[in-house]
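Two complexes come next, and they have one chain in common, subunit A, joined by subunit B in the first and subunit C in the second.
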Partner chain A sequence: MARYGLRLLYGVIVVWGAFTGAFFLLYVVPGDAAGGLTAGADGADVKQLLAEQRELLGLDRPVWVQYWDALTGALRGDFGQSVYQRRPAVEVYFESFPETLKLAFLGLLLAVVLGVTLSVVIELTNWKWARELLISLPPVAVSLPPFLVGLVLLQVFAFQLHWIKAVGDPGFGGLLIASAALAVAGGGSISQLLTANLRGALTSPYVETARNWGLSRFDVLVRHALKNAALPVITSLGTTVGVMVGGTVLTETVFSRLGVGRLVVDAVDGRDMPVVLVAVTISAVIFVVVNLVVDAVHPLLDKRISWDG
Partner chain B sequence: MTILEAKETGASAPPAGKPRLRARGGRAAGLLRSPGLLVAYLWIVVILLAAVHPGLFATGDPLRQDASQMLLAPSPDHLFGTDDFGRDQFTRTAWGTRLSLQAAIIAVAIGLVSGSLVGLVAGALRGRADSVLMRVVDIMLAVPSLIVSLAIISALGRGTLNIAVAIGINSTAGFARLMRSEVLKVSNAKYVEASVFAGHGYVRRLFKHVVPNASRSVLAAATMDIGTAILTVAALSFLGLGAPPPTPEWGLLVAEGRTFIGVQWWLSLLPGLVIVVTVLAVYRVGRSFNRGRTHVVA
Partner chain C sequence: MSSPEYVPSPGRQGKPLLRLRDVSAEFAVPGRAAVPVLDGVGLDVAAGSILAVVGESGSGKSTLGRVVTGTLPENGRITAGEVVLGGRTLTGLSERQYRRVRGKEIGYIPQDALLGLNPLLPVGVQAAEPLRAHGVGSRAERRERVLDLFAKVGLRDPGRLYGRYPHELSGGMCQRVLIAAAMSTRPRLLIADEPTTALDVTVQRTILDLLSGLVESEDLAILLITHDLGVAAERADDIAVVKDGRIVRGGRTAEVVAEPGDPYTEDLLRSSSLGFSGRQAATARLEYSRTVPADSPVVVEARRVGKTFASRHGSDPVTAVADASFQVRRGTTLGIVGESGSGKTTLVRVLAGLTPADTGSVEIDGEPVVHHRRGAGQAGLYRKVQMVYQDPFASLNPRSTVRAILDEPLRGHRYGSARERAGRITELLEVTGLPAALADRYTAELSGGQRQRVAIARALAPRPDVVVLDEPVSALDVTVQRQILGLLDSLQRELGLTYVFISHDLGVIAEVSDEIVVLNHGHIVERGAALDVLTEPRTDYVKELLTSIPGAAGPGPAVLVGPGRSATERNT
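Presenting the complex of A and B:
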């Protein structure tokens, strides 16, 4: 368990590093939110207006003071006020968070289902040409830009079939189709990895033994080979989640859904530092938690790995 | 964006005897035996030609507007149709190749060089420097690359080359991790040990044996990364962070056509198809370089 504690510490360091990195990256960027707020003004009083706004937002203080304030505030869960919306950044962020969480979660689920199903079907297919065709699918899937998949689905389901609304469909249908757009690339990458692992597993002695017991092909594949081949896939889910977070921005843009993705793009654009910091910190926390869960689950699936060893 | 390194499987490792001869005969014969790889190479040649000399494929001017030719469907005159300003979409796609490809290659070059340096330093020094550098790499991998890219682009300003810089900085972490693991692997190889016993110094050993051999894997991975970079450049341009309209650029073309996706779907989807085929070709060629290793491009 001691090693797991160390992992936990690393996790905290990663989150802190992400927060700090984002803070200073945005700090070195020329121009700040005060510039954005006074963008419309002109004439001689711009400079004074700018200075007033900077003082109001606390942007005139030394960078270390600002950083310390931001960090200690973040530890209390207070990231400050969103510059444009004039209310807590955390509130702004978590308003659109459920929308994105639903999208990313359903997307991940669909990606796993698609990827695993495809790999199993590939292994069970006997016809050579059908098998070749199926094997060529995952590489195609990872080459598809998520925004293009989204546009194709939008064209078909909104404009041809009229199943969903083209702009921000609020129902489950809209959510499902948006997450399908997100799932294609993830499913392809899961299937690529899983197919390669399955091939390795199917030539192993233990699979030979299972076959000699007289188990059916499906049983050998799903109950024996798949269980072992799935381990690296589970490890890779941590990365997949990161990709999903990026993918949601594109999917939300294509389907005109208001989620974290759009919020962050606008916040970075307008230098709304508190909102950006919330977004970066939460993303890093999600990444760390997913990887910790993966690490914790690993020994349960593979008895050879243990945290005490 | 990320390159994960998986275990080398025993089955795909080259056999011990006559490795050189096998590799040579294998590559030429393999090209003939796999038509897919041949097509991929041909497509890449076409794309490179279009990038260097777009006039070969489309003689027209990508910016020329024509009010009498607005939103036409694809036809022999206008292979990809025309947009809402009457510009020929095929011409724009052909002329957009240069910017898109340039950005992808610059991005990979930045990531490759900076990542390899970090990985080499970490792998060569080991100890404390190694763990500090790898923690930094972990942190870089923990923040979604899109957010980092957004912040970098807002620092540098919009533009396709700035997108390339952002992607390059983002892919540094992946290359660093790969380079480090390769350096560690090569350092333990028999021929490096032999070099120790031959009395060669540390620096000579590093640059004569470790660096060239470790770079081979990293370069092979970089070919795959060009495909990923093309996708990311297109994605960021699609979000409006790249060159401003009316510059022809692949991602931007898809974004501009988006308004007409309901009826004139070809405006978005045909340039999109060019992106997909290009990425497929790059991945196919990349995979042939990466035989015997498993790199997962996520």
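Presenting the complex of A and C:
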């Protein structure tokens, strides 16, 4: 377990790095929240107004003091107030969090289901041309820009079929279509990796043995090859989750859904430091936790791997 | 070509169980004419007998097995002839029909037992797969049958073993699990594709004993595919020697061994361990040993070398090598023999300065070997000791030309100008018997034998004093093995080289060694002049190793210790 403890330490360093990186990136970008608040004001006293707001928000203090305050506050779970909403940033964030969680989770689920199904179908297809066609799908899925996929789905399901509302459909249908847009790229990369691994697994001696036991092609594939081929894919899910987190921003924008993605874009625009820091920190925590879980699950799936020694 | 499901077998009495008639098969190669792999092969296997198909790699012997099980790769097809099992024609069956034969009437045992089992499923579940695939019994009944079979194939404590995973079992145990799986559906025919090649000799013998026993008790027919004529001669009732997809010699085992009547079969017989005699091998070597002066300086001196590896799961640490001491004189060969896990590889890694020893010391030419201290005057050591590895397919970069591979050690040891190095490369190719034109070929284009010659040339490049040979012929076909051993012998004579030769194969060790060290679980159990160890073994372990050599013990009295020669002994 000592190694797992070390991974935990790395995870903490990653989260801290993400927090610090976000803080200083936002700091060096021109403009600040005071500018956002006073935008539109004119007259001779604009400069004074700006200075007043700066002082109020504490932006006039040295950067190190600001950083230290933000960091120690974050460690206590207090990221400060959202500049625009005058409410705790954590509260603002978690208001829209469930929406995004649903989207990302369903997206991941769809990606896995689509990816695995496609790979299995590819291996079971006998017709050469159909097989070639299917094999070409995953790379295409990976290279399609997510907003394009979103726009096409929106065009088809909202404007042509009228199954969902074009703007912020609150029902399950809207959620499903949006997560499908998110799942295309993830499913493509899962299928690419899985198909390559299945190729390898299907030429291994234990598959030869299983064939000679009289197992059907489907049984050989699903009972013997798939599990072995899936191990690297499970590892890659750790990064797929990261892609999902990023993907929600675009998907939420295209489908006009009020989620974390939208919140973050608005917060960055307005230099709303507390909200940005909450979002970045929690995304980093999710990323680290998912990867730790993937690591922890591996020994359960493959008994050859153990955490000690 | 399709035949009815059930053909009444007219008078099965006296008819063979499996019959191949004029079977030809070919592999399609994109953009070229199809490559024939089998050409008019015909053979019969009777119930209750073993037929051995013997051949080297690429001879088509594995394809022969696949023709029977109907598992040719996608680009392969049977072009002529038919396969008949118990009166039923198998050729032309649809995949669905064939699946009912596979695993039900034909059992299959793969080559590498450890790789032949799915690493992610418990062995008990896997052994029940044939029953499940053919819908035999309920889950509980299948489990019951597997537990029965586990006991029958000699696995202890079947109940506990059932839930174990392949990596927790030894190679021999895995092979027993696979035999249990194959036997679970009570097949009439067993196809065993090199079933013991990956196993230690002593384990090999017990597995072959088990298979022979099944033939007796179950009236089973076995098609035994092997490269080892020794195994074939010891176990089979009939032998078919395959070369280039054709049966060049077939018949009763005793006849084939007594009168090969075919140059290729004779060659195989000569290269096999059949009728191996330790005395004879050691005596032949003695002629060379006598030419080495008795006061020849000691080149390698190991003093009480010990190496222990910390173990997982809090169990006791593993002793890889314990208290090993020996000397090697210039121009002689020390043979280190032991089974897998005996510590022989760890020992030579210590000799070459690749692994630090926990205790004891090693000196090469009177200089102590220090682990990984190139800066501290060890560059000399790395020049003086060179290694040749087991698998030339793995030890040579397939994306390098032969010239680049041979140039590397020369540059590493600062061997003269580009012109001098080029000259040295030509010289190296010449002494290792490779045509000069080979220099600019990629190693991927070379055969196994050619590759091992390149590996030897690479070892010789910096003019070493000691060459450590780690199983240098184990991955090669027997006839190629012979050529490489011949090359090593002549190089030793010409260049006065000192060899440390490691092998699991006592037959090979007997032939090349002046002195022998026998390792068992990290301990030296015997050490001495080759002739003494081979003819008067002091320990039971070495006696067992000697009798386990396939074909050596034979059905008659042991030919090893006594001066007499058995009738089957044909080693020359």
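Here is the rule we go by: the second predicted complex is superposed on the first by the 309 of 309 C-alpha atoms of A that agree within 3 Å, B and C clash if a C-alpha of one lies under 4 Å from a C-alpha of the other, contacts with A are read in each partner's own complex, and residues count from 1 in each chain.
Criterion: contacts are C-beta pairs under 8 Å (C-beta built on N, C-alpha and C of every residue); 3 or more make two chains touch, one makes a residue touch a chain.
This one's a predicted model, so the numbers in the text were calculated from it and none came from an experiment.
Participant: Give one of first, second, both or neither to describe whether A:Thr117 is in contact with subunit B, with subunit C, with both, or with none.
Facilitator: neither
Participant: Tell me which partner A:Thr239 touches in the superposition: subunit B (first), subunit C (second), both or neither.
Facilitator: A:Thr239 contacts subunit B only, not subunit C.
Participant: Which holds for A:Tyr206: it touches subunit B only (first), subunit C only (second), both, or neither?
Facilitator: A:Tyr206 contacts subunit C only, not subunit B.
Participant: Quick check for you: in the superposed arrangement, does A:Asp219 touch first (subunit B), second (subunit C), both or neither?
Facilitator: second
Participant: Could you say whether A:Thr72 touches subunit B, subunit C, both of them, or neither, answering first, second, both or neither?
Facilitator: neither
Participant: Mind working out whether A:Asn228 is in touch with subunit B, subunit C, both or neither, as first, second, both or neither?
Facilitator: Only subunit C; A:Asn228 stays clear of subunit B.
Participant: Give the label of whichever partner, subunit B or subunit C, reaches more residues of subunit A.
Facilitator: Between subunit B and subunit C, the winner on subunit A residue contacts is B.
Participant: Could you list which residues of subunit A make contact with subunit B in one structure and with subunit C in the other?
Facilitator: none
Participant: In the complex formed with subunit C, which residues of subunit A make contact?
Facilitator: Of all residues in subunit A, those touching subunit C are 204-206, 208-217, 219, 223-224, 227-228, 301-304, 306, 308-309.
Participant: Where on subunit A does subunit B make contact in their complex?
Facilitator: For subunit A paired with subunit B, touching residues are 10, 13-15, 17-18, 21-22, 25-26, 28-30, 139-140, 142-148, 151-152, 154-155, 158-159, 166, 189, 192-193, 196, 200, 203, 232, 236, 239-240, 242-243, 245-246, 249-250, 253-254, 264-265, 268-269, 271, 276, 279-280, 283-284, 287-288.
Participant: Flag every residue of subunit B that touches subunit A in the complex, lowest number first.
Facilitator: Answer in residue numbers: 1-2, 4, 6, 9, 11, 135-136, 138-148, 150-152, 154-155, 227, 231, 234-235, 238-239, 254, 258, 261-263, 265, 268-269, 272, 275-276, 279-280, 283-284, 287, 294, 296-298.
Participant: Along subunit C, where are the residues that touch subunit A in the complex?
Facilitator: By the definition above, subunit C touches subunit A via 69, 71, 95, 99-104, 106, 108, 110-112, 115-121, 129-130, 133-134, 165, 167-168, 178, 181, 191, 310-314.
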